[in-house]
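Report on the structure given below.
Which chain is which? They are A, B, C and D, in the order written, and residues in each are numbered from 1.
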Amino acid sequence: MSRGVLSSYCKQGSFAMVCSRTMASKTAVGFVGLGNMGNPMAKNLLKHGYPIVAFDVFPEACKEILDSGAQITDSPADVAERADRVITMLPSSPNAIEVYTGANGILKKVKKGSLLIDSSTIDPAISKELARASEKAGAVFMDAPVSGGVGAARSGNLTFMVGGVEQEFDAAKELLSCMGANVVYCGEVGTGQAAKICNNMLLAIGMIGTAETMNLGIRLGLDPKLLAKILNMSSGRCWSSDTYNPVPGVMEGVPSSNNYQGGFGTTLMAKDLGLAQDSATNTKTPTPLGSLAHQIYRIMCAKGYSQKDFSAVFQFLREEENL
Amino acid sequence: MSRGVLSSYCKQGSFAMVCSRTMASKTAVGFVGLGNMGNPMAKNLLKHGYPIVAFDVFPEACKEILDSGAQITDSPADVAERADRVITMLPSSPNAIEVYTGANGILKKVKKGSLLIDSSTIDPAISKELARASEKAGAVFMDAPVSGGVGAARSGNLTFMVGGVEQEFDAAKELLSCMGANVVYCGEVGTGQAAKICNNMLLAIGMIGTAETMNLGIRLGLDPKLLAKILNMSSGRCWSSDTYNPVPGVMEGVPSSNNYQGGFGTTLMAKDLGLAQDSATNTKTPTPLGSLAHQIYRIMCAKGYSQKDFSAVFQFLREEENL
Amino acid sequence: MSRGVLSSYCKQGSFAMVCSRTMASKTAVGFVGLGNMGNPMAKNLLKHGYPIVAFDVFPEACKEILDSGAQITDSPADVAERADRVITMLPSSPNAIEVYTGANGILKKVKKGSLLIDSSTIDPAISKELARASEKAGAVFMDAPVSGGVGAARSGNLTFMVGGVEQEFDAAKELLSCMGANVVYCGEVGTGQAAKICNNMLLAIGMIGTAETMNLGIRLGLDPKLLAKILNMSSGRCWSSDTYNPVPGVMEGVPSSNNYQGGFGTTLMAKDLGLAQDSATNTKTPTPLGSLAHQIYRIMCAKGYSQKDFSAVFQFLREEENL
Amino acid sequence: MSRGVLSSYCKQGSFAMVCSRTMASKTAVGFVGLGNMGNPMAKNLLKHGYPIVAFDVFPEACKEILDSGAQITDSPADVAERADRVITMLPSSPNAIEVYTGANGILKKVKKGSLLIDSSTIDPAISKELARASEKAGAVFMDAPVSGGVGAARSGNLTFMVGGVEQEFDAAKELLSCMGANVVYCGEVGTGQAAKICNNMLLAIGMIGTAETMNLGIRLGLDPKLLAKILNMSSGRCWSSDTYNPVPGVMEGVPSSNNYQGGFGTTLMAKDLGLAQDSATNTKTPTPLGSLAHQIYRIMCAKGYSQKDFSAVFQFLREEENL
């Protein structure tokens, strides 16, 4: 049984509700946010036999999931009224605040003992605020951002990084494992976000570093494939050099070999790096390379690279050929 | 038989000399520079049965190798006079220039057709100049910098990155494989240096990035071991996170768990990053993260971290506890 | 007469109140936040004949102003109840949010038509939110952050950068000119903050740049006074080189000649640069040097420079002498 | 009479030559390097009555000065044979090395006691080497790089920063003041270069900082002219904000108001910042902002800004309008 943060609502008699939620399977699950990621995620829940009660601010986003058998409601509040487990997948912090605490937000009609799982990538400080607000409303909030992109969302191979009360992790995992291959418990509320933005900050640093290094090596006369091979057997090795090399022609099946189409967009990376910087500023943590990586992706967005995969930083740094 | 750059001296009748060099085994090998690296390297050649003719500007550096059976001479020129294969292991570009082209330098008495292998880590542009000067003197120059440090030098497990005329690579490998486990051909003269400094630039970026990321995650409430585990199964993975983690207590047997003693010193990393920056400036290659990494190690040297392992950047970025 | 944002409360009959506020002089002025800056500012208002109704969360902070003749209240709400012009001077965004919108905040009891002037340095996005909340409560909010520090606060020589409805600027200026020598109208709400953080970001960049440049020049053999003179007659000239030089001995009467005591603390500069970064991230503006300047001051705070003047970056970058 | 470095050649009987050089006016002056800068500089010497003996590696570059009455020679050595005062104005360090120490270089035929003044902007370490080589040949070398650009070269309003033996400064000034309005003595050989690159490093930092700040302010709602005014009366003030503002429309008569035509090209700024980085690396001086400024101009060169004035960094950082 949960302690601490949860003890208040247990004392208020919500014990039965908690039990019914965690024991009963295949009761309705709420889903708010049916974009590129949310849509396939919700479908995977449907496939696993969970009835879905859904909402999206854009009615057309609901069409596909409606056809798949989901019920559509008029607001996040209505979702929370009809399902005691709700998953949210939203583009940014302000959207999450609105969906949870707005006039028609989840917390307006949430049932006592409900489990609220936010898979948006947002500022961990906001996650903590939403958890406090949820607790006041008698519900449990967990943050569970994902890595893996649209492809992994479709195939049910996302990785979920989960923050929140440990006693609720199993209940969350029951749902999340329908949508992802890895569900990792990270610690208290906000640590799922923390793990996500930490990973993406290091990813961005490694990618820009790999792009700089490959570019420098090529200009010094090294063959790019040979350089990648040397790095990958040495201490310069990283995911961006050995799995997602940004230089066209070094690897097959990665965005760099497809004109930087697909993959993880520069604008999304810039957003995640912005969150990392917000968190670093809030905690007074120096992150010189993380900060410069943010600036570089910010400049790339301003210069027309928004929609390209984030490995296009190699293209950005390379001399243009027809000057 | 060699072509191109070598054709000139072949025409001048050095063919016999080249043959004697590449065919005869176990004739004397010259060695200039008997420091922390050069000493164990020369000993490994002795162990493999090669007579050694050695020189170091500090007489005391020669004592150990003298006791092991090497012959000591008065100058690099004298070394080159007595051996047609010479290996040099020197601390910096000016030393290499002096040892090769100085008043008592190798090129003053080098035999036609000699093979000169420089294992120093220096500016690739200097390697190219030394190669040109060697060619004028009728000798072949190759750059073959190492990775692996003093421990690998002792155990014969260095990695050599070799640049120079491909036809001479086998001759070089015969000697280098006595001192190293990997001998990688990188391309024309200077590309060995290029591969070395490219690797170390990306290594520095990955290390600082890992230190920032671990520090940020810890301040956001993540357990450092758990964070390392998450990164290492995700796209943030790099050598510094999974093999040489800079946070004390995350891994055993690495400098971070031994107060940053041993390993690869901050001052050496700063030197290699300086070479990377020189090369980037010469080739007009933008390297924003590599450049900032250089600056950070430069500041660390100014603030008392010179002798610590380069993973001490975690300590440098972390808030001091007793302020 | 005011239009737009103010028209709503005018229609509601607050015209008389506005008139009484802007015409009547020497009616009570509220003051919330009596720290190092607020205390001398409030005293200057007293000296100009304005009765003061004050509050600070630390009772001892009120003692001095109480002895000078001010009235002390129990909460920001009480201040707003007794004065229709209120000035706030608070350390950070969360404090400002609490003082305005908290349970005992100004907006709980603010009179219709009141003028609320916030001289705190906070995120301009927060200023805009407070302005919206104030407007809902029938009051006018202006942001008016200062430059000049404690000395200028005492001597009444602060510079105020004011954002808000232009029609209210004269009313604000009447009070602010009692505390400052310059009162500059910057535009709509939030632009006062914007001007402040823009100035301080460029100031930080100029200061670190000057410190780097002076350090480099000294190491290249230049006399620091001569170098400063050359820069100041050339295009390298900036406030940090010609008015506040960070090198000890170059100028008199600046913190660098007093062991970096006094002046503008590194921790305050780090805070302002954090606000600049938040604003840059929110508006997706690339600020590579501003971002790196933030990181450098952040590292300095972690390394024991918090309480020193921000020109101590020269000391931070200089090689320590006794390593 | 000169001491130290000069005493050797004085003892060798060059006293008469020194006297003839420093006393006699209007004897021939040598000039090597007749590019965009050298040409108008040499013409100003002609205007002041000095016969000119000139050389440029491109014959067509000599045409204009030949028509103006100068004598053209076949090599730098020939220039030095006919004139005991020689001025050089060359694009980069390798050119300077060739012109002084090459097979047909100045030092091959230089007269004892000659005064050699190099106005190129090169690495101060190279200046010191050229000074040593000149001293061996019995001549005096001074470095005297300029600031001011082609316009100032034409109007004779350059600033010269002069390094070298102080006793020779008056002799140098006699010539330099025909071409410049300011001739500043900086210290021993190399300090002229040091002063130049220090100034330009701080200039670049100030310019990028101003561009970032103006861009951020505009996005936060400030009028650019007003923001410039506020900065210029505050501590953010610098040459780039008050004399050469990079935002179109803020000032008249600057490149930003002329589509960044004219002025000081981005590629030249990148070159000077490269020299600053070389010097910083050689002297182990941390210059984090200077280093990042170098990288930013390097990226701009790669992205098509080479020929624009260096204030175009504002354009580079600003969001493109038609994405």
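The rule is short, and it goes like this: a residue touches a chain if its C-beta (ideal position, glycine included) is under 8 Å from a C-beta of that chain, and two chains touch if they have at least 3 such contacts.
Keep in mind it's a predicted model, so treat the numbers as computed, not measured.
Engineer: What pair in B-D, C-D or B-C shares over half of its contact pairs, by residue number, with A-C?
Structural biologist: Selected pair, repeating A-C: B-D.
Engineer: Taking mean CA positions as centres, which chain lies farthest from chain B?
Structural biologist: C
Engineer: Could you give the separation in Å between the centres of chain C and chain D, each centre being the mean of its C-alpha atoms?
Structural biologist: One centre to the other, that is 42 Å.
Engineer: Would you mind pulling out the distance in Å between where the CA atoms of chain A average out and where those of chain D do?
Structural biologist: The mean C-alpha positions of chain A and chain D differ by 53 Å.
Engineer: Per the centroid of Cα atoms for each chain, what is the distance between chain A and chain B, given in Å?
Structural biologist: That gives a centre separation of 42 Å.
Engineer: Which chain A residues touch at least two other chains?
Structural biologist: Counting only residues that touch two or more other chains, chain A contributes 284-288, 292, 296, 299, 301-302, 317, 319.
Engineer: Which residues of chain A touch chain D in their complex?
Structural biologist: My answer: residues 292, 299, 301-304, 306, 316-320, 323.
Engineer: Taking the complex as given, what residues does chain B use to touch chain A?
Structural biologist: Checking each residue of chain B against chain A gives 124, 147, 159, 161, 182, 184, 186-188, 190-191, 194-195, 198-203, 205-206, 208-210, 212-217, 219-223, 226-227, 230-231, 233-241, 243-244, 276, 279-280, 283-290, 292-293, 296, 317, 319.
Engineer: Contact residues on chain A for chain C in the complex?
Structural biologist: Touch list, chain A to chain C: 270, 274, 277-278, 281, 284-288, 291-292, 294-296, 298-299, 301-302.
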